[in-house]
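These notes concern the structure reproduced below.
Chain lettering (A, B, C and D) follows the sequence in which the chains are written, and residue indices restart at 1 in each chain.
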Amino acid sequence: MSSPDLHADLCGIRFGNPLVNGSGTLDALAAGTLGLGAFVTKTVTLHPREGNPPVRIAETPAGMVNSIGLANPGLDAFCADHLPRLGELGVPVIASVGGWSPSEYATAVARIGAHPAVAAVELNVSCPNVESGCIAIGTDAGETRALVERCRSETDLPVLAKLSPSVSDVAAIATAAAEGGAHGLVLINTVRGIAIDRDRLRPLLGGGGGGLSGPAIKPIALHAIFHARAATGLPIIGMGGVASAQDCVEFLAAGASLVGIGTSLFADPGLPQRMLPELGRLVRQHGAETIEDLVGVAHPRLSSSTRA
Amino acid sequence: MAAVEAVGAYTLLRLGDDGGDTGAPGQFFMLRAEPAPAAAYLPRAVSAAWAGDGELAFLLDVRGAGTRALTEARTVSVVGPLGRGFDLAAGPSILVGGGIGAAILPWLRRRLEQRGDVRTVLGFRSPEHAVCAGIVDPDATVVLDPVLVTEPLARLLPASATVYACGPDRMLEAVAALCAEHDVPCQLAMEAAMACGFGACYGCAVRLDGTWKRLCIEGPVVEAARVLA
Amino acid sequence: MSSPDLHADLCGIRFGNPLVNGSGTLDALAAGTLGLGAFVTKTVTLHPREGNPPVRIAETPAGMVNSIGLANPGLDAFCADHLPRLGELGVPVIASVGGWSPSEYATAVARIGAHPAVAAVELNVSCPNVESGCIAIGTDAGETRALVERCRSETDLPVLAKLSPSVSDVAAIATAAAEGGAHGLVLINTVRGIAIDRDRLRPLLGGGGGGLSGPAIKPIALHAIFHARAATGLPIIGMGGVASAQDCVEFLAAGASLVGIGTSLFADPGLPQRMLPELGRLVRQHGAETIEDLVGVAHPRLSSSTRA
Amino acid sequence: MAAVEAVGAYTLLRLGDDGGDTGAPGQFFMLRAEPAPAAAYLPRAVSAAWAGDGELAFLLDVRGAGTRALTEARTVSVVGPLGRGFDLAAGPSILVGGGIGAAILPWLRRRLEQRGDVRTVLGFRSPEHAVCAGIVDPDATVVLDPVLVTEPLARLLPASATVYACGPDRMLEAVAALCAEHDVPCQLAMEAAMACGFGACYGCAVRLDGTWKRLCIEGPVVEAARVLA
């Protein structure tokens, strides 16, 4: 193959390419991996959750607001039914975990982290669609630090903290996660937003509030990634509005080592497959040999090849 | 690329069939105007009115930015066929359509006619909307608001036939209840807000078997019993 | 005229219609008032500012990121040259004030508030495009409270606080502004974001960071307005991505008494003139007689006609 | 609504003139494809190649989402004319264009020809880009990269003529310096990233008279001396 090397690395894990899905935006058991270099599971909680009543999604300019409410089969069914099948996907699996208390997270991390199908654990401390729990933890630096610390002690796998952009100082929360021992960061989860029902003039979504995703939030994501990287130097899975190979390069430059796609998969499930050759072309156009050569190059003072 | 014509108050969109699988009646496609308009980044779920002879046809109720852009675009992207279509039973059939729900029926009728007698009852809110009855079934029984389709349907029941229905939720519930009452098998093509159409977003939750299920995976066509459960 | 009454009220000021521009998104002396019910000035600071070096604007999906850097003629020239001419526009003038310390704000509020052309003063504590000063104040509840209190004592005019959505809890900042005595709120200023230069892979904007505006941020704006209204009951000038009469109605329902337009004016300066008849039609369609009948109707428990 | 044709590597977009004011050479318009694509919500600043006889024509260098959408749209919204155009001087003229900067010259040349002798020098990066020289001036002196337009221009100077230039910043600076050296009056049509085009956004900052000014208000055509100041 004459095209450049699209392999990517994060926390010592090797990926065939730097593209992953955002948690909760792909069911690989239903649709396959679409050419992505890894699969991230929907956030799993201790107990099964039906999710919020409809309306669960509303379209907004260049994006959408969702209020799914962490619908998931619960830890037991996830470990028994899902993980064994996910292990056969042929790509690294990153398991996303949520909860309402540090001990809920810890229980889930211990169980999931012990499963051979899992390559890394992602702590969702940033879901805007549940009343309390994860989002409350992720807006507080101290709670974030403590949660990461506790979860790290439950597993030998890399532990990633997924953060919200809906905070006053995302670099401060990123720093807290780093202090707690996070091996990496995932940025960004959805941005807090709501939709108004244009007919009834009431909040449209069944869950009340919601989370904004899609191309609309791309500049917010780049901002969060850039500053989290500058503050911590940790490897980052960057996401939020990625819709093209060009976007992917910008996210790498801002400091992402892997790049996630969510909402744009809904609009175009063939996107990752089409992005990869274009990504190869762009990498070469920027004079780089590998994906890693581009990671963080937008930072004036950081080495462009900082390794985890 | 796309041919567009008015069918009364609705709009017929005919796309060139690129030779891929076009699925079966009741399945759906995710359509998006390209380049994607700012006001309609997500695709729209639409069932084919028919497929074959080199074309894929959709009957659209143009409501908002997404459907309008589809009728104005030079290029439309198509993902599908998706979901589960109708389960074609042997013997006579009764087709029930409400409003734009009729869009899904022309292709279904062509297939069912090979299996037995087909009767069609359609309800619309105005004569302009009823124009499309002609492309569903020239012999259809058509009622206009405030008459409900359940009225002519009730006159056809009981029957040794399978009922296939598509229309607003309220209509589907009434049809399901009527069929249950007469113990007639019934399939419903349902609707829900869909972001992806392939099980990824969990947005299309509908109540099936007493719990929230993804309509794009379990349906859009489901046994009426699952809704009543 | 058979169409419904489009008059609007805020803090005792009467407006011919509920549409205003966002601060910094219209130069009425160059382009007129475009049919808006009031004119909001670009933020004025004590000393003249040239603004940031270019690139100052970057397009993003359904929006833009700007880093203008509060370019303005400074307090003296503003009071001497601009205000007299603004007084002849024929619509109420709301003067936006910014600064790097409470005393800078106070000085400006006292001078501007004494000018007969001004109907109300807006405190910009939320500009993301300057290193320190206003944005730092507006992310801290205590500083916001103190600043509003100080400025209120400098003028008899209504004092409005313009807040940023880039905080962990916008309702808490809104509450602080209310405690400081704000007569009303303006929500939202731009959302923190950056753009990466696709050719050089460096931050694109001359000022480094920037602020995201346009339809992309509409769900974030509705969220902030809804929660600020619920927390304070204060009258609100709502803005952030408004691009149609339908949007305007949603903002009214979320709790805005006046509705601001910024980025969409750039794309379409004829927008306010076209929106007004459509707004009249929508007001009637929702069974309302006046604009005020729709204010806050999305809130289950708030009276829909709360007056300032 | 819009007619589109290729002119070598560039694209000519001809819109029906709705009868409004079309302004003067050097002024510009804000164009946006409707419905607005998600990737190009803001309009694009474009100078008219010519106006009159019921049409408004633009020569476009299709670079990104915005210009591409303009050439694919069924409807284009137009705001303008905006800004200050060329100040047409009496006597002979020299037109200097670099790349797509040539787009602004056809109309200017038609006007200036009524006032005296017009000579045109154009520079392009490839023969495909140079094709448009034909619609600017069939007798133009054309150079291709790496030759710079300042080379043929230098041979025409000094002259008792006014120089009108449009092209990349680097070219404009060189032209301005050359004209200053020979004391020849010179007007530059400049570019900047513009969100609004009517003085509202302060985005189009350029260095004029030693400070940041709004190009859309002060220009896009400015006296060369203001840039050198």
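Here is the rule we use: contacts are C-beta pairs under 8 Å (C-beta built on N, C-alpha and C of every residue); 3 or more make two chains touch, one makes a residue touch a chain.
Since this is a predicted model, take the numbers as computed values, not measurements.
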Shortest path length from chain B to chain C (each step joins two touching chains): 1
Approximate Å spacing (C-alpha centroids) for the pair chain A, chain C: 33
Distance between chain centroids, defined by C-alpha means - chain A, chain B (Å): 36
Centre-to-centre distance between chain D and chain B (centres being mean Cα positions), rounded to whole Å: 53
For chain B, residues contacting two or more additional chains: 36, 38-41
Touching two or more other chains - residue numbers and ranges from chain C: 58, 61-63, 214-215
Arrangement of touching chains [line / ring / star / complete / other]: complete
Footprint of chain A on chain B - complex, ascending: 32, 36, 38-43, 66, 77, 79, 192-193, 195-206, 211-212, 217
Interfacial residue positions of chain B with respect to chain C in the complex: 38-39, 41
In the complex, chain A residues that touch chain C: 60-63, 65, 139, 166-169, 191-196, 198, 201-203, 209-210, 212, 214-220, 222-223, 226, 241, 243, 246, 249-250, 253-254, 286, 294, 297-298, 300
Touching residues (chain side chain B, partner chain D) in the complex: 35-41, 65, 68-69, 72, 74
Chain D-touching residues of chain A, taken from the complex the two chains share: 61-62, 215
